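We call the chains A, B and C, going by the order they appear; numbering starts again at 1 in every chain.
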Amino acid sequence: MPADTLVRDLTAALAEIPLIDPHSHIDPLSPTSRSLDDILGYHYYTELAHSAGMSQAPLAEEVPARDRVREIVRHMDRYDNTAQYSWFIDIARTFLGFQGTRLTPADADRLFDVAEKTFAQKDWEKQVFEKTKLEKIFLTNEFDDPLMDFDTSRYVPCLRTDTLVFHLDRPDTRERVLKATGIKVVDAATLRMAIATLFLHFTRKGAKACAISLPPDFEPAHYDDEYIYEQIRFHDCRDIAPGVFWIVAEFCREFRMPFDLMIGVNRKVYANGVYQGQDLFDQRTSLLQYRRVFNAFPEVTFPVSVLTSGQNQELVAYSWIFPNVVPNGHWWYSNIPAYIRKDLSERIQAVPKTKLVGYYSDAYKLEFVLPKYAMYRRVLAGVLADEFVRPGVLSETGAVALGTRLLRDNVREIFKV
Amino acid sequence: MPADTLVRDLTAALAEIPLIDPHSHIDPLSPTSRSLDDILGYHYYTELAHSAGMSQAPLAEEVPARDRVREIVRHMDRYDNTAQYSWFIDIARTFLGFQGTRLTPADADRLFDVAEKTFAQKDWEKQVFEKTKLEKIFLTNEFDDPLMDFDTSRYVPCLRTDTLVFHLDRPDTRERVLKATGIKVVDAATLRMAIATLFLHFTRKGAKACAISLPPDFEPAHYDDEYIYEQIRFHDCRDIAPGVFWIVAEFCREFRMPFDLMIGVNRKVYANGVYQGQDLFDQRTSLLQYRRVFNAFPEVTFPVSVLTSGQNQELVAYSWIFPNVVPNGHWWYSNIPAYIRKDLSERIQAVPKTKLVGYYSDAYKLEFVLPKYAMYRRVLAGVLADEFVRPGVLSETGAVALGTRLLRDNVREIFKV
Amino acid sequence: MPADTLVRDLTAALAEIPLIDPHSHIDPLSPTSRSLDDILGYHYYTELAHSAGMSQAPLAEEVPARDRVREIVRHMDRYDNTAQYSWFIDIARTFLGFQGTRLTPADADRLFDVAEKTFAQKDWEKQVFEKTKLEKIFLTNEFDDPLMDFDTSRYVPCLRTDTLVFHLDRPDTRERVLKATGIKVVDAATLRMAIATLFLHFTRKGAKACAISLPPDFEPAHYDDEYIYEQIRFHDCRDIAPGVFWIVAEFCREFRMPFDLMIGVNRKVYANGVYQGQDLFDQRTSLLQYRRVFNAFPEVTFPVSVLTSGQNQELVAYSWIFPNVVPNGHWWYSNIPAYIRKDLSERIQAVPKTKLVGYYSDAYKLEFVLPKYAMYRRVLAGVLADEFVRPGVLSETGAVALGTRLLRDNVREIFKV
């Protein structure tokens, strides 16, 4: 609710645009929350409560959901300044009839009950889609996901390749590949066959992207078949990740699939962190590490997410120069208004507008798509007002058209949905 | 004096909060300035005057204080655009009855005389405390400081460990340790005993923190006792710093003391710089270097200051994830409004509010606490207005409460004062 | 055209200041455009059109200029959000009588014809100088440029040393040195003689600066004569760049010439990019790499440009400490309003105002000086309004004086023009 009429008008206009959310972790077999525990169990809340002093005891599986929610809510007065808290207030107000602007521990139980009843409605999924004006949402699917029993035109499959690229050294990964493809990986040829089989499976099910998250020091490389063979045969696939990445990129080319790169995450930095709250980063990383792959695959579009706002200028410059590099949303630690505003202002002044994929929710449950996109639209409206409408560069209508491009048109064109 | 009523009102409300300043270099035996030379001899002014073309001749000890002040003032029209200049104007107006907004060389002498008279007042220290609404201020004490002859409830001791950690290879450091503790350091056991003795001395005198400044490439490590012994015995303690840091952290745990980390300074980069104006940095550094220590000492709170705004996102993310990491003030090269505004906006949107230590003065003389905090409060008021009050998230009262948390409450809770 | 009266007034006042542009790539023998192809052939437009999907076919030499212009204009609706597009609109409106605010493909031909006629006017160069209020503009001259047949008081020569420093390992470079100086480089002594001869030639022709662009990982070093001899004699000058840089700095000292450092560019990252659209960077770089040279040459002024906004704080801090380091303009990937605003705000709060070289055009054709400086002045006016006038620190007159310093006075003083 910004004070400014222009920003408010633009925000309202942008809110009318039906969304295609190009990245999430939704489980299409259980897309919505079943209790408030599903909402507040989201790692953003467990992280912040834990960071602010909550022990991990309430997070144990055997703790009743209601008690866990109480604890997380009880700690909210320690982190009610955060963007994440405001998402929750938005959810409570939009979906659960909450009237206030701050939550107190006293609200926990009542809200828990309301949520239970609300989420149990038969058409809850449909209601969330409608309130969110959500048209389609991309998934994150493990390579051996059967992709069965859900509507792939609404839930768009996406082949996540972290395990394939980084954990082929684990016997169970190779076992899973064998089970999913019928191919035993023993050399580069069988590795290619197996990956081809997975791509075939995914594209037949309507997959629209391949994706991977990458550590700050990673650098893809083309390995020759003999080296790959040796790694598989004699070294348990130990030093093979850069080469497997390269082969995945080859199949992205062949299957004409964008390859989402999510760059910068170091896994398990806080070893005793809450579930999914252990990963951090090292700001010392560069897109220069991807120069070979960007050069070698001009036919593959790489929607790139960077973890730090400090790397945004690299993303801006690489997207400005390489036709196949496009900036993709605002990821994780950069998904707060201060960073979105900065990074978006930089991108929108220097990268062709047809290449700007504005936002994705990264949500685990559908209820989060609405508050996250609402936050983004408010920032987007502010940037459009300050950089285009107020200086007389665009009319309000023109600004909304530009916003629509970032929110929707580019997702359709780049991911071909 | 921002033009905006809301920001002005918030600034005024924040100015009412009594201060506990959690980091300074005040000498409690000589806390206030005795002449204008003490004010303008502050390295910020000598640096800027020198950087703008002043030779170092006026800084020689034998130059009369009045002449030195004249020279520094004479160069002010070259750096009167800076934040540091505005601190001086604030001091001149608040403490010395200066009426203007810009200083000319003609003012130097008169101001020098006024200062001499003003600072000589018997109750000057008390006056400064009152005008500043200062309640307590933390010191920076060398490990062998006797901590005598001052009121430790007002001047809070803080054990500075740079010399211990980084200069144990110097015979005079080991000599000083021997003198201060009666213990001759010959191996890990005696090193621990000596450090324990220092901690005991400091905590008995009311010390509330341990602190250290660290070069950009430093990485603490746990060294085993045998290695430490060898380093002490055969290598003059040459490669021992990461391990001594670790032992200091162990005693912070034992004595339940926060360990202030001030990360990023390279000493003596400008070899011929003015006194204290020789240190710079290398932006290529990461908090990842501290992952081991953050993981190994969950019981120790680490208030972390980073030298560059570019590292602020790491600080935000590490504070969001690690319960024992808290962002601490705006240090040195980041202590200007442009960086404070950016860094504060990022922190206040993503880190639990109970973990945000808003500011410290880093002052060498008490007169600087007022203008530095005034600068911070103006920026804080602007951020509270833009991020919380104007979007309707907080009332003005709520915003002032949030500001109070950053300015005072968290210092009390985190440092247990 | 910002909405705000104060900013508009300041912008108007700053627009009255005659410009001395301290860095460009103007060819003094052909300073203005001859057709719209010269305007839209500027690498910013070919890059953006190509990045947005245009093939490189229209850029081939044999393609008629009119067709190439049509193609680049036809792609404009993909990048009409960018700062670069707004420069073009500014050129079209100011120089070509264009009335609209957006260009359509239909405008291409008409504009092409108008440009042809306009640029063919006898006094076109004079007209551009006048409309731009341009007094002098610095060039970028290869070391063997004869510097003949142009007015060096208007077109100020500048000795560009990239080739000398980085490509002495190429036989043709040594051949060119021989031809330009009559000296065959066989050891350190002859290398010095040759460079001295070049400096003599340049200073006689009124050169006011020496300049070089540097890769992110470069670190200058003093090499002894014997090592240089060995490199020249036995290793084809392979590892000699850091040492040649040092010798160039020595002659900057001797000839009292500022040495412009443009830090951060990696050449040919996008191997198949358009002409001049192949270079990118690695954010992992530090001014610490220049500490030796900054310390060794206190008499040489180093106007430093950094490629990334992330390195701006280093530039601010190094300029605040080192008397001989001055921040220089907003370069290339940082030359868009979002970065200029951020970097300028930081510099103007912390670096002595007498050291701030506000801007340079980097233009290849004179017509670009006007829109680029206009963009800078709008941002500068905004920063002066927000940081100085609105908080009551400076009057409007004072703010314009500060702006004049950045735009003109410092160029005159630092480069002695």
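Keep in mind that, in the parts below, a residue touches a chain if its C-beta (ideal position, glycine included) is under 8 Å from a C-beta of that chain, and two chains touch if they have at least 3 such contacts.
On a predicted model such as this, the values are computed, not experimentally measured, just so you know.
Turning chain A onto chain C with a C-alpha fit: angle in degrees, nearest 5?
About 120 degrees of rotation relates the two copies.
Are the interface residues of chain B and chain C largely the same numbers on each copy, more than half shared, or largely different?
Different; most numbers are used by only one of chain B and chain C.
Using mean CA coordinates as chain centres, what's the gap between chain B and chain C in Å?
Using C-alpha averages as centres, the distance is 39 Å.
So which bits of chain B are touching at least two other chains?
284, 310
With touch defined as at the start, can you tell me which chain A residues reach chain C in the complex?
It is residues 284-288, 291, 294-295, 298, 310-311, 313-314, 316-323, 342, 345-346, 348-355, 387-388, 390-393, 402 of chain A that touch chain C.
Tell me, which parts of chain C touch chain A in their complex?
Per the stated touch rule, the residues are 1-3, 47-48, 50-53, 78-84, 86, 101, 266, 269-273, 277-278, 280-284, 308-310, 333-334, 336-339, 378.
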